Amino acid sequence: MATVKLWTDEQAAADPRVKAVFDDIRAVRKSDFINNFWRALANQPDVLERTWASVRKVMFEPGAPDPLTKELIYIGVSATNACTYCVHSHTAAARAKGMTPQQHSELLDVIALASHTNSLATALQIPVDTEFSVE
Amino acid sequence: MATVKLWTDEQAAADPRVKAVFDDIRAVRKSDFINNFWRALANQPDVLERTWASVRKVMFEPGAPDPLTKELIYIGVSATNACTYCVHSHTAAARAKGMTPQQHSELLDVIALASHTNSLATALQIPVDTEFSVE
Amino acid sequence: MATVKLWTDEQAAADPRVKAVFDDIRAVRKSDFINNFWRALANQPDVLERTWASVRKVMFEPGAPDPLTKELIYIGVSATNACTYCVHSHTAAARAKGMTPQQHSELLDVIALASHTNSLATALQIPVDTEFSVE
Amino acid sequence: MATVKLWTDEQAAADPRVKAVFDDIRAVRKSDFINNFWRALANQPDVLERTWASVRKVMFEPGAPDPLTKELIYIGVSATNACTYCVHSHTAAARAKGMTPQQHSELLDVIALASHTNSLATALQIPVDTEFSVE
Amino acid sequence: MATVKLWTDEQAAADPRVKAVFDDIRAVRKSDFINNFWRALANQPDVLERTWASVRKVMFEPGAPDPLTKELIYIGVSATNACTYCVHSHTAAARAKGMTPQQHSELLDVIALASHTNSLATALQIPVDTEFSVE
Amino acid sequence: MATVKLWTDEQAAADPRVKAVFDDIRAVRKSDFINNFWRALANQPDVLERTWASVRKVMFEPGAPDPLTKELIYIGVSATNACTYCVHSHTAAARAKGMTPQQHSELLDVIALASHTNSLATALQIPVDTEFSVE
C-alpha cells in the first residue's frame, strides 16, 4: 500500500506531461514495462520529470564506471538506506545487466564488510590520518 | 580524539597478536603505513584479528567485481552510513587503485541519485512490483 | 505482524493506565480512532504514557511552526529513518490537517534534494564554513 | 579536510562552466558568499550544474510550502542523515530566512519526537492501519 | 519476497558446504529450526560460512556481556538500522533467552531516548567535551 | 562549533528554569560537571526540561536491565546513528559505570556483527519467519 495512488496506463495516457515521461522511459529502456516507482511519481509531474531526467542522465548515458558497476553501487547505497523498493528494483536491474551469482555474492561481501567496519570506525571515533589528505 | 588510545609501532611490536596482524597488513598491502583504524582496533585483539581476516579475504583476494569496483561500492555504503573515517580512507584507497576524476564524478552522481530515489520510494512507500520476483 | 500483541479496545478498557491514555488520545484528537502505534505501546504502560505526553505537548499544543508544518518535518525525518509505519501515519495526519497535492509534491522535492546534497556533502567531507558560526 | 580540493575564486573564474554556476549562485542568492559545498563540487562540473539546478528550482522558486518551512524540513532530513555540513549550512540559512529561537526550539522538539517514535515503531514492527489507505 | 530464493532442507542436504553449516547451526542452537536468514545466505556459501562463523563466535561462545545483554544490544542496533527481519529475529531470540516484559519495556525506553538525544546532539552539532578524552 | 551557543555556568545561574535543571543534573549525577549537551539545550528550556526528565527517568531510576547494560545499548544505538557526540559521552559514561576492556571489546563485536547481518538481511529482503510471531 503506497501513500499515493499508482497511475494506470490509461490515466498516464490522458496526462501529457506524464505520458511524455512514460513514453521516454519505454524508449530509453527498450521495454514496455513501467514499474511502480514511476506510477507513484506520476502524481507529482515536477518530481517525475526531474527524477527521470536524472536517472536517464546518470544511469543510461555512456560513462565510467560501466552500467553494471553503477547498479552495484546503487544496491549498496539502497541497502544501507534500508530502501525495500530500491533494493528489489536495482537487484532486478543488475541481473538484467548481467550480474552473475558470483558478483552478487561478492557484492554482499563488500556491503557486509563495509557495514561492519563503518560501525567500528564510528563506535571508536577514529581520527582521520593526515596521509589521506589531497592537499 | 578517539574513544580508545591509538597504538604506536612500539606498543604493537610488544604484543604478539597485534604484531602478527600489523605484519600481515604490511605484507599484503606492500606498504609500511598502518592507518589509525588498525591502531585503534589493537586494543581489542579479537576484533582486530577477525576484522583484518575479513578485509583481507574480501578486498585483497582475487575476485569479481575487480578491486576498484569494490572500493567504489565501499565508498557508497560508507557515505550512506555517514562514516567520516571510512569515506576518507576508502576514497584514498580508490585513488591508489586508479580511480580517475571522471569515475569519482560519476560515483558521486550515482550516490546522490540513489539517495534521491531511495528517499522518494520510502516517502511514498511504493509496493514492490511482482515482476521483480526471482521465483 | 508486530513483535508484540496489539491491544483491543476491550483489553485497553480493563487496564486503568492504558484506558486513561486511550481516553485522552480520543479527547485531544476528537476522534474515536486509536491507531496501532498506541495499541502496541499499551504493552509498556510507562513508554505509552511518556510517549503520548510528548506527542500531545509537541504536536497538539499551540506553537510555531503551525501543526501542518510540524507534520511535514515529521514526514521528512520519518522517511529518512526509513520508518514505514511513521511515513504512513504522518502522511495521513498531514492530509487530515490540510496538506494539498502541491504541498506534498514540494515536500517530496525537499526530501529528495536534501538526501541528494546530504550524500554529496558526506561523500566529499566538506569542511564547515566559518561564516556559519553563531559566536 | 575534504576528500577533494576546494576551488578558490581565481580557479573558478578560469573555468567557464564553474564560473557560470558561481555567477548564478551569487545572482540568485544576492550575496557574494560562495560556501564550501559549491567549491568542492566545482571538481565535478556535471554534478555541480545538476545539483545547483535542483537547489535553485526547489529552494528559490516561488512555491508552497514557503522558503523557511522548506529549510526546517531540510534541517530535519539533514540531522537524521547525520550530515554535519548540511545541519550547519541549513541552520544558518533558516536563520537568514527569519527562523526565530522559538521556531528553532519547536523544530528540535519535532525532530527529537519523530526520532523517538520512529525508533519505537520500528522496534515494535507495528503493522500499518488500513485506515491510512488512500485507495 | 526475497531478492534470492530460499533453500529448502532438501536443497541444503545436497550441497556439502551448505549442509555443514546447517548441521552446525542445529547443533550449536540445539534446535532443528533453520530460519530464513540462513536459507537465503545458502546461495552464497562464502558469505554463509563467514557469517555463521562470526555469529557462532560472538553470540554463542562464553563471554561478557552475557548472551541476553548481547541480544538487547543487537535489537538496539537493528532497530536503528531499520532492519525489519533482524528486529523480528532478535526479539524472538531475546525472548528465548529470558527477556521479561519489563526488560523489553526498558529496552524500548533506552532505544527511544537514545534516538531522541542522538537527533538533538546532531541537530545542534555539539562539540565533544575534552573531559571525555581517554588520553 | 555548535549551531547554538553553549551556556556558561554564569549564564545558567541567571535563568531560573535552566538553573533548576543544572542543579538537578548535579544532584542526581553527584558531580559538578555539566557536559556540553546540556549547555547547548539551555537555549531551549522546554527541550532541556523534557529531555533531562526522560534521561533521569530512563537512565537513573532503578530498573532492569542494569545501568551499565543500558549504556551499552545506548552506545549501540548512537554508533548506528553516527552520533559523534553521543558515542563519546556514553562511552565515557559506560567506563564510569564499570565497563571493562573485555566488555568494550565484546560490545564492539556485537555492534559490528549486527551491522553486518542487518545489511545482508536488508540487501536480500529476507521474509520474516512465521515462527517469530507472538500471536
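When the chains are written out, they are named A, B, C, D, E and F in that same order, and each has its own residue count from 1.
Note that contacts are C-beta pairs under 8 Å (C-beta built on N, C-alpha and C of every residue); 3 or more make two chains touch, one makes a residue touch a chain.
This one's a predicted model, so the numbers in the text were calculated from it and none came from an experiment.
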item	value
Relative to chain C, chain with the most remote C-alpha centre	B
Maximum centroid distance from chain A, chain identifier (CA atoms)	F
Option reproducing the contacts of A-E, where over half of them reappear, out of D-E, C-F or B-D	B-D
Self-contact between copies chain C and chain F, residue sets same or different by half	same
Chain centre separation in whole Å, for chain D relative to chain C (CA means)	21
Computed distance of Cα centres, chain C from chain B, in Å	34
Overlap residues in chain C, where contacts from two or more other chains coincide	1-4, 47, 50-51, 54, 57, 77, 79-84, 87-88, 91, 107-109, 111-120, 122-125, 128, 132
Residue numbers on chain C that touch chain F, as the complex places them	1-5, 50, 54, 57, 128, 132-135
Residues on chain E engaged by chain A in the complex (per definition of touch)	1, 3-4, 43-44, 46-47, 50-51, 77, 81-83
Contact set on chain C toward chain B in their complex	75, 79-80, 82, 84, 87-88, 91, 107-108, 111-120, 122-125
Complex interface listing, chain D residues touching chain F	82, 87-88, 91-92, 101, 104-105, 108-109, 112, 119
Residue ranges of chain E in contact with chain F within the complex	1-4, 6, 33, 35-37, 40-41, 47, 51, 54-55, 57-59, 63-65, 69-70, 72-74, 76-86, 88-89, 91-92, 100, 102-103, 106-107, 109-111, 113-129, 131-132
